[in-house]
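Input: structures, listed below.
In the two complexes below, subunit A is the common chain; its partner is subunit B in one and subunit C in the other.
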Partner chain A sequence: MAQQIKQPTTIQPAQSRQQVAHRTREGSPWTGLWAVVAKDMADHLTSARMRILEFLILLTAGGTVIAAMQNIRSTVAQDRFVFLRLFTTAQEPLPAFVGFLGFLVPLIAIALAFDAVNGEFNQRTMSRVLAQPIYRDALLLGKFLAGLFTLALVLTAIWLLIMGMGILGLGVPPTGEEVARSLLFLVVTIFYGGIWLALALVFSTVFRQPATAALASIAVWLFFTIFWGIIARLLAQAIRPIEVGTVQEVISQTTLLQILNRISPNTLYVEATVGLLLPATRSFGLVLPSQLQGAILGAPLPLGESVALIWPHLTGLVAVTILLFALAYVLFQRQEIRA
Partner chain B sequence: MSELVIETHQLTKRYGNFTAVDSLNLAVRKGEVYGMLGPNGSGKTTTILMLLGLTEPTAGRIRVLGFDPVRQPLSVKARVGYLPDAVGFYDNLTATENLIYIAKLNGINRTEAYHRIDEALERVGLSHVANHKVSTFSRGMRQRLGVAELLIKQPEIIIMDEPTLGLDPEAARQFLQMIRELKEEHITILLSSHLLHQVQEVCDRVGLFHKGRIVLEGTVNELAQRVLGGAYRVKLQAEGDKQKLAEALQTLPGVVNLHYNGTNGSGEIILETTQDLRPEAARAVVEAGGRLQTLSVENPSLDEIYAQYFEEVDHGAAN
Partner chain C sequence: MKRYLLAILLVTTLILSTFTLTTPAIAQEEEPIDLLLFTKFPAQVTGIGENVTFDLSILTETEPQSVDLEIQDLPEGWTASFKGGSKIVQAVFAQPKKEVSFDLKLELPQDVKPGTYEFTVIARSNQAVSRLPLKVIVQEKVPANLAFEVELPTLRGKPDKTFRYNVTLKNDGDEDLAVDLLAEAPAGFIVTFKSSGQEVTNLPIEANSSKRISVEADPVFALEAGSYPIVVRARGGETEAMITLTAEVVGQSDLVLTTADGRLSGQAEAGAETSYNLVIKNNGTATAQGITLSATEPSGWNVTFEPEFVEEVAPGEQVEIKAKVRPAEKAIAGDYMLTFRIQPENGATESIDYRVTVRTSTLWGIAGVGLIAIAVGVVGLAVMRFGRR
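For the complex of A and B:
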């Protein structure tokens, strides 16, 4: 034949490789990962959906921080951690910025992932993409990372904005510890978003309709935000009732309640936030999510001890994220690719 | 050339109790165009998905270019281009952007990718809409974009699942022309289709799928021989003694069957033959004292083979 075929010898090395790679899959499972991340991130950053959410978060950041600054200026300006109060100070009728983040971050995360997998099926691009030399692993992780990086990008931009507003408004630069604490707070917030991202990813694998996946994700979020606190209290009262009214009984009920509360990622996040942004926090015994500010007496903890205090929360958030991602992974691996 | 590039051995896929592909032995040679035919649900798409490593076989062995799609899916997918039925693209991206993503997933570097994309879009006639959003594309344009994607991958094998579905006749014709061009570049092509005359036009060999098995395989002429008896139809009209003419024609070597078209005496005589017997038929008519008026030959049509085969199957099933 006149024209040479480009790879006439591939069959030989292939057969020898076959023996080596008999059991395991060939190549890295992450081949093509960055191509997926780059494409999906570009999609996120140009989507109308993200524009709306960015606008929303910008609005709340601006509003709450300006309000907080007024509050800070009108009170004693002796606080060592005045920058951190930008995040935590509430000025009626607005809650503090961290309060807003508690529900804005899940919203953004869910918006980033609820149509990640089913969207590819619905656009009938799934089989075309998976017919390229990549594994499903790379596609799923790529989608997760694209969401996480987008979230990180948005939150970092907001963080910079707040710090900038703080420098201008308060007229002092932040101390090293303030920067460190607020950066850690940023990291915790991103990890908190990771949970909701992974959850939305699970639902986007389970449900073919993006709207169903979004609703299911929001239902879980509402459950933990609104109902779990009530359920936890009822459970604690039922399991560890206070019959006589001894201190022991009260403590045991409170402990159980705390454990139950921490099943909710919201609680983990709020506690971690409190630990980082209110340096005087020594334990989370009686702090409730609504009591973000005030009520904590005593000297501030060194940064290392604050981090140690919230370390379990951080690992908890990451662990749940990994579990949810693993679930999405298993579900996705089993799916038939016919679209 | 008879090097096998696709080979399956006792390939089986079960969904629960249902066997979608049943001990299939498929062999496709290098450089040929192989057509997969068969009724809906006969296992064509399932077979294709297994060849690409997108679905795991329940049993059996597959070799694609010497690779096992189960263990070495990346090697297979790097060398095989796939155009799914009802191909979809990212509507929010342009044609070029869609192709860049595919090029990146294939590890093609940027400059090379742009070069190949320009070339491919030119070839499928989409250069003028290269920077238009795919959401504005018609079905035919999407299909052509799918071919452009195959081209930038520069595959050794191309697998297409019902590629001409929903194309207008002109677009389908262009599509078949594209397939012929690819064949000229020695790319092996496996395609499934329900449009039999199109399959007949481009395929070197066809395999007829039925209930997860290949029940018939070969060139169209071979199939015709097996199913219809004769592969060619020589049609002629002649004046003369009907009886004598029929006798003379029927005894020609290679004639399988003779019948008349229409009921009245002036009808056409149709000979089912194993070869093109026009010269022999003409001489026989003359020797029998007849006057030949028209003479033509018709290649067997896949439509007929298909219809005849499944008629027999249904008949067999009814008994």
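For the complex of A and C:
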């Protein structure tokens, strides 16, 4: 893609850069970042791969929301958060929209980034791009941001679509809190996608073959989606076995199991979604009966409290995204690139 | 058979009647009566204030004649008039064998004294004179008289209680009376009368009988302690009876527990003490004493009051209390129900439900931001170390 970048503004021949000791740094490392972002986004949005994914996600959104609306209409519900139920209501045989997003978002993210770096190598355009006054820093970050923005664009469009369908179908405008909660849900979803995007970026840096990178990314995704739950349970049973059957043992094992489960971004995403879209959610962990004494069940938490509840999840998703990008960055910077 | 019997009966009656009719005729043959004024009941008893009517008849057996009527020795103040065929008359035309009836109406003065009064009615025609002495005995009549009787004229009670007096209203007179009931009560009372369960304002009482009435005085608002007179009057015809009932209102404390701003919900942070301002208000009329405060809280919570104990709250006064609530360290965010309770020494417990929204510490939020900051720092370090290739 980047072979089309053709306008060197500040001419600084590659030679002169190599002559200077490679520790010497000049100017901003992010020069040309937005050119890369714009070009890569244009590539993404016009690619057939993206069309297929968009079609898929559109179908999902339409199908699940229409099913959810039928369900909401048939149950005469006095719900304060009827819009949020558009996202969470499932009607057999379709799972709820959030359930679909749980595995569609990783797919899109992986599809957007699995050939980001090695694709350039394979097309022999990497050295050409880097011949331009663009640092590697800007190239990698630009590719990552382009993927993230594309993802955000698609998800925002779907969010707007669902809200619009909701207004048309339910006949009521969403309340401020509903909008705030669903927007936060959108942010969480974008960063959930960001993790898989950064992971695919890492693999596309490590493996020279895009297919291998894609396979590796999907393997990690499958591992966390399907196998991690089983492994976490086995680990928890091994580390904190229940020998006598006391309450303490059960509690400690359950707590460990929860901590292990939360290593998986899927768990983080599902819990964050539940906390945001089901305002009555008070806790994810084991709740002792004594903690529920005097509690008014079913009362929705204030938005601030729901955010506080999922704050570790949200920050965890953001932090892991950044750390994975840092890994990809270090790997990419250390790679040898020959013309 | 039946018809035959009836016929015999009819014939016998006819024979009998002709016989009686013919009897004066037989006497007439001996000495025909020229003029006779007579009445069936020449002496009548009457009460004061009532009028008297005599049914008079006049008879002649000789020839038709016009008879003038007059009264002699009529007591002073009395008025008399003759009435025949609904007209006031002064003379009667008598025909033989034809009895003429007319009335003598006497109007007695209001201040007539009891006693026997005699006078004479004279019928005078050209041929003859007939005198008829009449007697009116005026008897003293028991005047209408109403009287109240009550067993317990003074009742004592709390201001939220209905004062119910059982009153007997007696009519000692000889007249039936329709009695109006009235009450004069101090402001703050609504007085109603009930007779056999029904609310009444007017009731008939027969002569020489009595009726039980329930007088109910309902305090409308919390009255101050004191003695309140309720005057009940019964008015029927010319008479009136009066009784004064007394309601002795005892003071009562009426405590209300609320918050300073009236809100029954608040926020608290898990593990941190939050204080809410409670208000104990005495809307009653007596001082409330020895008020203990308590609370029902979820386990692991800690609720203390400052002060724990209120000595007294005067009527109309209020006392502010601080309720210090410390949710459990591990309380889950969300809404919880607390119950604050006050228990006066002698009085009913008053309680309010208070809804506490527990917020969790924002410490983890800062930790999360720190995590992101570290991640950004790692990127920054990586850029520093490997950047700008």
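Rule of thumb we're sticking to: the second predicted complex is superposed on the first by the 302 of 339 C-alpha atoms of A that agree within 3 Å, B and C clash if a C-alpha of one lies under 4 Å from a C-alpha of the other, contacts with A are read in each partner's own complex, and residues count from 1 in each chain.
Following the convention adopted for this analysis, a contact is a pair of C-beta atoms (placed from the backbone, for glycine too) under 8 Å apart; a residue touches a chain by one contact, two chains touch by 3 or more.
Just so you know, these numbers come straight off a predicted model, no measurement behind them.
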Q: For A:237, select first, second, both or neither according to whether it touches subunit B, subunit C, the two together, or no partner.
A: neither
Q. First (subunit B), second (subunit C), both or neither: which does A:70 touch?
A. neither
Q: Identify the partner contact of A:38: answer first if only subunit B is touched, second if only subunit C is, both if each is, neither if none is.
A: first
Q.
Which partner chains sit in contact with A:255 here, subunit B, subunit C, both or neither? Use first/second/both/neither.
A. neither
(Q) Output check: A:124 vs subunit B and subunit C. Expected answer is one of first, second, both, neither. What do you get? (A) first
Q. Does subunit B (first) or subunit C (second) touch A:314, or do both, or does neither?
A. second
Q: Would you sort A:246 into first (subunit B), second (subunit C), both or neither based on which partner it touches?
A: neither
Q.
Applying the document's definition of touch, where does A:135 land relative to subunit B and subunit C: first, second, both, or neither?
A. both
Q: Name the residues of subunit A shared by its contacts with subunit B and its contacts with subunit C.
A: 22, 25-27, 135
Q. What residues on subunit A touch subunit C, complex-wise?
A. 22, 25-27, 29, 135-137, 282-283, 287, 290-296, 299, 301-302, 304-305, 308-309, 311-312, 314-316, 318-320, 322-323, 325-326, 329-330, 333-334
Q | Contacting residues of subunit A [partner subunit B, same complex] | A | 1, 3, 5-7, 10-11, 14-15, 17-18, 21-22, 25-27, 31-32, 35-36, 38-39, 43, 46-47, 123-125, 127-135, 336-339
Q. Within the complex, which stretch of subunit B touches subunit A?
A. 1, 30-31, 45, 49, 52, 54-55, 65-68, 71-75, 77-82, 84, 86-92, 101-102, 104-107, 146, 149, 153-154, 156, 185-186
Q.
Under the stated contact criterion, what part of subunit C meets subunit A in this complex?
A. 296-301, 328, 330-338, 355, 357, 359-360, 362, 364-365, 367-369, 371-372, 374-376, 378-379, 382-383, 385-389
